[in-house]
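Pasting a structure below so you can have a look.
Just so it is clear, A, B and C label the chains in written order, and each chain counts residues from 1 on its own.
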Amino acid sequence: MSFLPQGVVTLLTDLGLKDPFVGIMKGLMISRFQQVRIVDLCHGVPAHDITWASYALAGSFRNFPPGSVHCVVVDPGAGHDHSILVGERDGHVFVAPDNGLLTHVLSDGGEARVVDLDRVPVAPVRRTFHNRDIIAPLGALLASGKLALEDVGEVCDNPVVLAPHPTTCTPTSVEGVVVGEDRFGNLFTSISESDLPETEGEGFVVELSGHCIPLMASYGQALPGKVLALFNVFGLLEVAIRNGSASEQLEWERGCSVVVRAVTD
Amino acid sequence: MSFLPQGVVTLLTDLGLKDPFVGIMKGLMISRFQQVRIVDLCHGVPAHDITWASYALAGSFRNFPPGSVHCVVVDPGAGHDHSILVGERDGHVFVAPDNGLLTHVLSDGGEARVVDLDRVPVAPVRRTFHNRDIIAPLGALLASGKLALEDVGEVCDNPVVLAPHPTTCTPTSVEGVVVGEDRFGNLFTSISESDLPETEGEGFVVELSGHCIPLMASYGQALPGKVLALFNVFGLLEVAIRNGSASEQLEWERGCSVVVRAVTD
Amino acid sequence: MSFLPQGVVTLLTDLGLKDPFVGIMKGLMISRFQQVRIVDLCHGVPAHDITWASYALAGSFRNFPPGSVHCVVVDPGAGHDHSILVGERDGHVFVAPDNGLLTHVLSDGGEARVVDLDRVPVAPVRRTFHNRDIIAPLGALLASGKLALEDVGEVCDNPVVLAPHPTTCTPTSVEGVVVGEDRFGNLFTSISESDLPETEGEGFVVELSGHCIPLMASYGQALPGKVLALFNVFGLLEVAIRNGSASEQLEWERGCSVVVRAVTD
């Protein structure tokens, strides 16, 4: 499916909502394309956490109509260490620094171009803020159809990709890591449903810091206060406590091991 | 007044803004109805606090034009314990789990229908997320006029309602409870202006955890640092400290008693 | 440049996003002008911090197209101590309480009018909430073109202005104060680039609580963990720690002194 712009731009950033940074990006977009439809995907990415954002982006973008443009700003170097990429996948377009943010979106398909700043009609660039000066207006121009995908620059042969998580598979198990937590204290991991081994067994259990946790279909299957695992809104394995906070009640840290094991007996 | 859809959908949830959950709901809505006008009522409902949300919804919705659709997602069971209701009141429509969220909106009027999932054209339902899979696209379809109110399901005779707060009235007083606090540390209660006794007296005082607090018309009537009570933006009695935080400086907990007493002498 | 309404209203408030206050303002605006385009500048102004908001507004509004209306609600007295102003500057319009919020927007140009509540067609006013009852619908009406700037009231000769920060200049230095911090713990100050002395020197250093900090062009010029100063998104001097939090690692308080000194040797 090729990209047909629909006027929609989503924003995924670690800029937070305390300051006017996101509002300024929106002003720059409206200044370029008055009819742009801006949707906040979210601005609560943990500061500088490229891994979290890459998983969240890949798990979210298909809820928007094809033809959407997704702008991502998570950039510890504030634009100095990296070029800007424009990626395409299944009719969606992504604008982000070339620092690994598009790893999971482009992991098994799609294509990226490196933005050539001499070719795109974006504002004169203040040195400190590539993000607002380039990514926001560029996203608006792409969403408007005024700027064609092919005109932003050449195809990128080697975009920066995050080191793959240690998803080691045995015939009956798969190992991943905890990526982060959500507002309810649910822990989400690097393991997706398709990573699970095919077995003739009786289902799966999940191991996290010494706990052996049942894999269920929904929160409602666990009793209040009990630990469970399920596949979440991103399609990723999540460890939760029904009506409680797994983040507070379990021992974990970002990157710690999670194993899903088939119950074969 | 009957419902005439205006393309407006508001969102009231406990999903917070840290994660992309709200953004995903918006994507699902735009995918169904490209012109939908989405307004965040707020996403800061305390996690799982149905009472807080029911009061906030009833106190807020009339600020929007009739014909608006108000989607509410506060659902400790994540959609497993409850059907979904579509309520109507004074030309406004509400989509929410049948868990008490519509208690105050429908308390003295209006009507609710139980959504029949075999009748409404919403996406195939992932078992874990009724919220995003049903409430968001359903709200968008109702706002678009593509789905009529009568077609979502049969009228519900016994929607879940919250236990009434102990609003005990004497000829000269009324008792309620503290429902919650706002961003400024103001405490809002279950008592509305119409609950007050009619008296020939000299005004009212409010009693909360041993304090005797003057009921005033506005924040500006109290000196900085002083405790006051007033009727707030929801039309509910609120205890505040001018330029300070009642939440931090008074003893209180959710559900604790508040009494308004006429000054008769 | 005179004001030509474009249907765009931005909101800058200290109301936060925990409660429905901002959502209610949006409902009031849509009720007045259905096509209004509302953009959140931000709602995270520190509670009651007029100085912070005045700097943020002046540093942000030019990112929006001329013809935008900017509504500002930061009002410790909740509307009782002050009239409401409608300011104009370079084709932008501002609606705010007359409590100093427009100080930096109007500091060297522009004009303000005092809203005459007998002249503007806004809703009957609840005594407690000037903000939502007047500023929001007034902004929507101005953005719609239904209400002309000249019709809101007479020109204000003496709007409230904040006491000027102690920006003392010597031939080789300028002194200002820390205004606040952002989500990343960067500290922003009252000093703008144009305040800097013209020198033949070798650049500038910034002094803050005993530290001598290099003034750089961008975050990327500092090593991770190192303190640097730069001019930020508002055009104001900022003290930051690359990939860290200056707020947590330096001694500072709101209003503390910052000096920029030319390196002349």
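We take it that a residue touches a chain if its C-beta (ideal position, glycine included) is under 8 Å from a C-beta of that chain, and two chains touch if they have at least 3 such contacts.
Just so we're clear, the structure is a prediction, and the values are computed from it rather than from any experiment.
Novice: Between the chains shown, work out who touches whom and classify the graph as line, ring, star, complete or other.
Specialist: complete
Novice: Could you work out how far chain A has to rotate to sit on chain B, using CA atoms and steps of 5 degrees?
Specialist: The rotation relating chain A to chain B comes to 120 degrees.
Novice: Just the number, please: Cα centre separation of chain B and chain C in whole Å.
Specialist: Computed from C-alpha means, the inter-chain centre distance equals 32 Å.
Novice: Can you list the residues of chain C that touch 2 or more other chains?
Specialist: 17
Novice: Help me check something: in the complex, which residues belonging to chain A touch chain C?
Specialist: Of all residues in chain A, those touching chain C are 15-24, 26-28, 30-31, 34, 38, 47-48, 76-81, 127-129, 132.
Novice: For the complex, give me every residue of chain B touching chain C.
Specialist: 6, 8, 10, 12, 17, 37, 39-44, 56, 59-61, 63-65, 68, 182-184, 217-221, 230-233, 243
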